[in-house]
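What follows are several structures.
What follows is subunit A paired twice: with subunit B in the first complex and subunit C in the second.
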Partner chain A sequence: MARIDDTLAPTGAWLQGPRFASVLRACGRQLIAWSPVIVLLIAWEAVARSGLVTPFMLPTFTGVLERIATDTASGDLPVALGMTMWRALAGFFISAVAGIALGVAMARSRAFNWFFDPIISIGFPVPKIAFLPIIVLWLGFFDLSKITIIVFNSIFPVVTATVVGVRGVEKELIWSARNFGTSERALTWDVLLPAALPQIFTGLQVTLPIALIVGILTEMAMGGYGIGASMQTASRFADSLGVFAGIVEIAVVGYVLVKLMSLLRARLLVWHPEALEPTTA
Partner chain B sequence: MAVNGAQIVIDRLSHMYRPPHGKPVLAVDDVSLAVGEREFLALLGPSGCGKSTLLYLLGGFLPTETGSITVDGKPITGPGPDRGIVFQHFALFPWKTVRANVMYGLKRAGLPRDEQEKRAQAFIDLVGLHGFEESYPSQLSGGMKQRTAIARTLAIDPEILLMDEPFGALDAQTRSLMQTELLSIWERSPKTVIFVTHDVQEAVYLARRIAVMSARPGRIKAIIETNFDRRDPHLFKSKPFVDKVDEIWDLVRAEAIKAQGTRST
Partner chain C sequence: MTAALSGVAFRYLPIVILAVLWQMASEFGWVSTAVLPPLSSVFEAGWGLITSDDFWVNAGASLYRGGVGLLLAIVIGAALGIGMAWWRPVRALLSPIVEIFYPLPKSALIPVTALWLGFGDASKILLIFLGCMLPVTIGAFNGARGSERTLVWSARSLGAGRLRTLWDVVVPSAMPELLNGVRTALALSWVLLVASELIVARAGLGYLIGFMGDGGNYDGMFAVVLFVALLGFIADRLYQMAMQRALRWRE
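On to the complex of A and B.
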């Protein structure tokens, strides 16, 4: 109760309270953490207004923000964002489920490993986006072909992270479970996946931006609704404000997704020694 | 060497350890041993002598290839909750709390949830971890981790307790406390215990019978009976105890030197 009284106190006592001080400190920390980005944006604005470059080459940051606001109000941005996110996230989830399943199978079965290991080794460094023309011929221009390309690109980090993670599970941990009568099948859920989760999650954190990037590339190459497609259209009409708006939108969306993943990681891995260490940023 | 009334009978057991890269090594060589019900036996030997391998064979974690091991007349075909194991590095599930770790074996045994909780609590209390039920292993000291592991294994009430240098990773004070506690737990509910160690004093203090193993390939070099009043606070300084430790040390020392020799080649 005392806390509520504090915040309602009209005398300004709250402003000197310890809570206010800690809020101020937190704001200060955030400001310091974000200052490089703020400096960059100010530099952008300054260069764009200085007359060194034409507005066509580099529109102002404030102009870009205005454009994002009008696109949001008109409904164009929500639709584009929705389509991009749907395909990127669908591709990401398919990659996650299939990649973890394949990774566990490869780590536990010689036959699976024999068959898939060389395929994964060759496939990982190949630029899968190069298959785009063929995929278009096979699957058409729409979501199916885009999501397929996303999965092709983003499944590899998940598979390799899962293989390394599951192979690294201590023998004694597995024996411990077997000692309590755990079957081979139950072992996967009871021991292998939770024990390998730190590595598997790292693989997922690597792959989520890949899914987003590849999703935007497919839109740029194939059209359809989406942020990448809007940027491509804007570029075609020499609408540089539209192109820069797309870049800012992708940066924000990417940042939010990456941040959400690290929050989820902290949630899921409370047991891990990493959770006891101070976090960065 | 079939012994009437023995619970565990190991008969002419040999085991080849095959590393993924490198030559196969004979880890256990023609070992025969009988262990009676509720006996406390120590397997003592220099590091790398195959005593842990012998324990893993008993646990069913490694396949028996040459010779045989039977428990109550039945050959071992794999791991099972009748033989609970405690590892040197605890092997706790780090993503589970102390309570969930202790409950795991009970869940696998198919006990109803409330029964699991009651039984887990009883064993957490037994090992003195009351108040730490919701802690994760990463938040515990080495001694507390090993207490959790012991509670987890005791909770499933195995007939046989296999212990692989369980106090080897603990500091000297914690180790000595844990030894006393293990004895008091064992006296309250006697089980067959096979306790692997390279610490002579620990073996003499805990076990009723000590199987001294030779350097690799591991053979049983001698079997020595011990019987001391473990409650005597001056036991470690008493003449018979010190003499016994010295006598066994002489046996082990020769093997330890041999083990050093084979290691450096």
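On to the complex of A and C.
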């Protein structure tokens, strides 16, 4: 922007330039896209100030922003955010690597499939968060038990998506790769995984929010810093500013993570026909 | 018949192997029974629980909360989703809000609902309603958007009114994705229910798990955990069966 201003501003011609117009249009589109959120925030502020509800039930949005600012300045928020993200992302990456490995093994080996298929199909719909006290009993109260329960919850979508994806790879692809003398190892890495990537990535996109949800739940149930823990403390002390600050923080984190994943998907799958379809995002 | 039966037995053999390993682990002292009570004593504790009133009071509380919350989520969520697909102003108004709240980790709602409605049934019902509504809305929306234009046009040109087209064409064609959304909501409702009862409650299965764990009654705790797991599994299987039946017309 600065460069455009420096070179073109004196003449005033840039105001009519096609570049400026497109920037303006992009800004306008963003503004329109976000306008309901802005309206929602203004409505929140208005309702909170109107006296219809007590500040305890709904603190003002500006008050919440102030609280977030103080928590950021005091260092509480960065620490909490860091702890939450570290556990959720560690759990997510372990689930991703182990889940893809197990999924490929199940899709390719009958023995693996025989052993794990009933375990996965029974385990998937089970509310695994109920195992939290058992994991705590085994692994204690700290990061290890939290990350374990995150993995325990978020590995399932990755495994099933990988199995479906790898099984769905066109037979012709596999045959022609074999015909060219591809080793089994190269077949997995160069043919099966790339061809199954759309499904696998969908599994990862499903599982990332689960990792975050479960991570925050463990913090609420067990403490140990993190946004969940500070929200739970705030709730116990009837500190509604703290609770709503947590909501806003978690909403922003969740939104950013989900957006990043869909950007990454668009980038990784540029070669795939789906990239040509109109996006719904 | 016997072939089918042995097929099923072979399929679920790994589960039996795990159960046997569990029993052996505590039988032969591979792990301390304080950490992993033998499966047999978990079953015993489970039987004791099933025959006690206390257990059913807690189970009833959980099922009531989950059922009411989920029902509200399905009815209102489906209406919103179809409304968003069918009326442009509704979509313009709601879709950004849905987009913002959809990725919100639903666990964040637990302290808020507790703040608003206390520690009883109402806060859990609100939590499950808010947490489970959006997957249903998105499913209904995508399904209704995907209903073929030609079908809608034919219905309209054959003289069906807007509402009639909505009910007879759009709603049925939205069904598959809508029902998938409900399945996600069903799974989510269990997670939110058990978690919120573990964290703040004075009744319910989640509460019972936490209570027994704190009291050192690990046999009982394992039994309730397995019971919750089994209920979640059965609910999902029953739902899938019902869904297949409901969608038989598609075949």
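Simple rule for what comes next: the second predicted complex is superposed on the first by the 269 of 281 C-alpha atoms of A that agree within 3 Å, B and C clash if a C-alpha of one lies under 4 Å from a C-alpha of the other, contacts with A are read in each partner's own complex, and residues count from 1 in each chain.
The rule we apply is simple: a contact is a pair of C-beta atoms (placed from the backbone, for glycine too) under 8 Å apart; a residue touches a chain by one contact, two chains touch by 3 or more.
Computed from a predicted model, the values in this text were never measured in an experiment.
Look at A:Trp34: by the touch rule set out above, it reaches subunit C but stays clear of subunit B. Touch criterion met: A:Leu197 reaches subunit B, while subunit C stays clear of it. Looking at the shared chain after the overlay, A:Glu184 reaches neither subunit B nor subunit C. When the two complexes are overlaid on their common chain A, residue A:Tyr255 makes contact with subunit C while staying clear of subunit B.
When the shared chain is aligned, subunit C comes close enough to touch A:Met231, but subunit B does not.
More residues of subunit A lie in touch with C than with the remaining chain of the pair subunit B and subunit C. Look at A:Ala130: by the touch rule set out above, it reaches subunit C but stays clear of subunit B. When the two structures are aligned on the shared chain, A:Pro273 is found in touch with subunit B, with no touch to subunit C. Every residue of subunit B that touches subunit A in the complex is listed here, in rising order: 56, 59, 61, 78-81, 83-85, 87, 89, 91-97, 104-105, 108-109, 136-139, 153, 156. Across the interface of their complex, subunit C is touched by residues 33-37, 40, 56-57, 114-119, 122, 124-134, 136-138, 153, 209, 212-214, 216-217, 220-221, 228, 231-232, 234-235, 238, 240, 243-244, 246-247, 250-251, 253-255, 257-258 of subunit A. Per the touch definition, subunit A reaches subunit B in the complex via residues 170, 172-173, 175-182, 186, 190-191, 194-195, 197, 270-273, 275-276. Subunit C contributes residues 10-12, 14-15, 18, 35, 92-97, 100-112, 114-116, 187, 190-191, 193-195, 198-200, 205-206, 209-210, 213, 218, 221-222, 224-225, 228-230, 232-233, 235-237 to its touches with subunit A in the complex.
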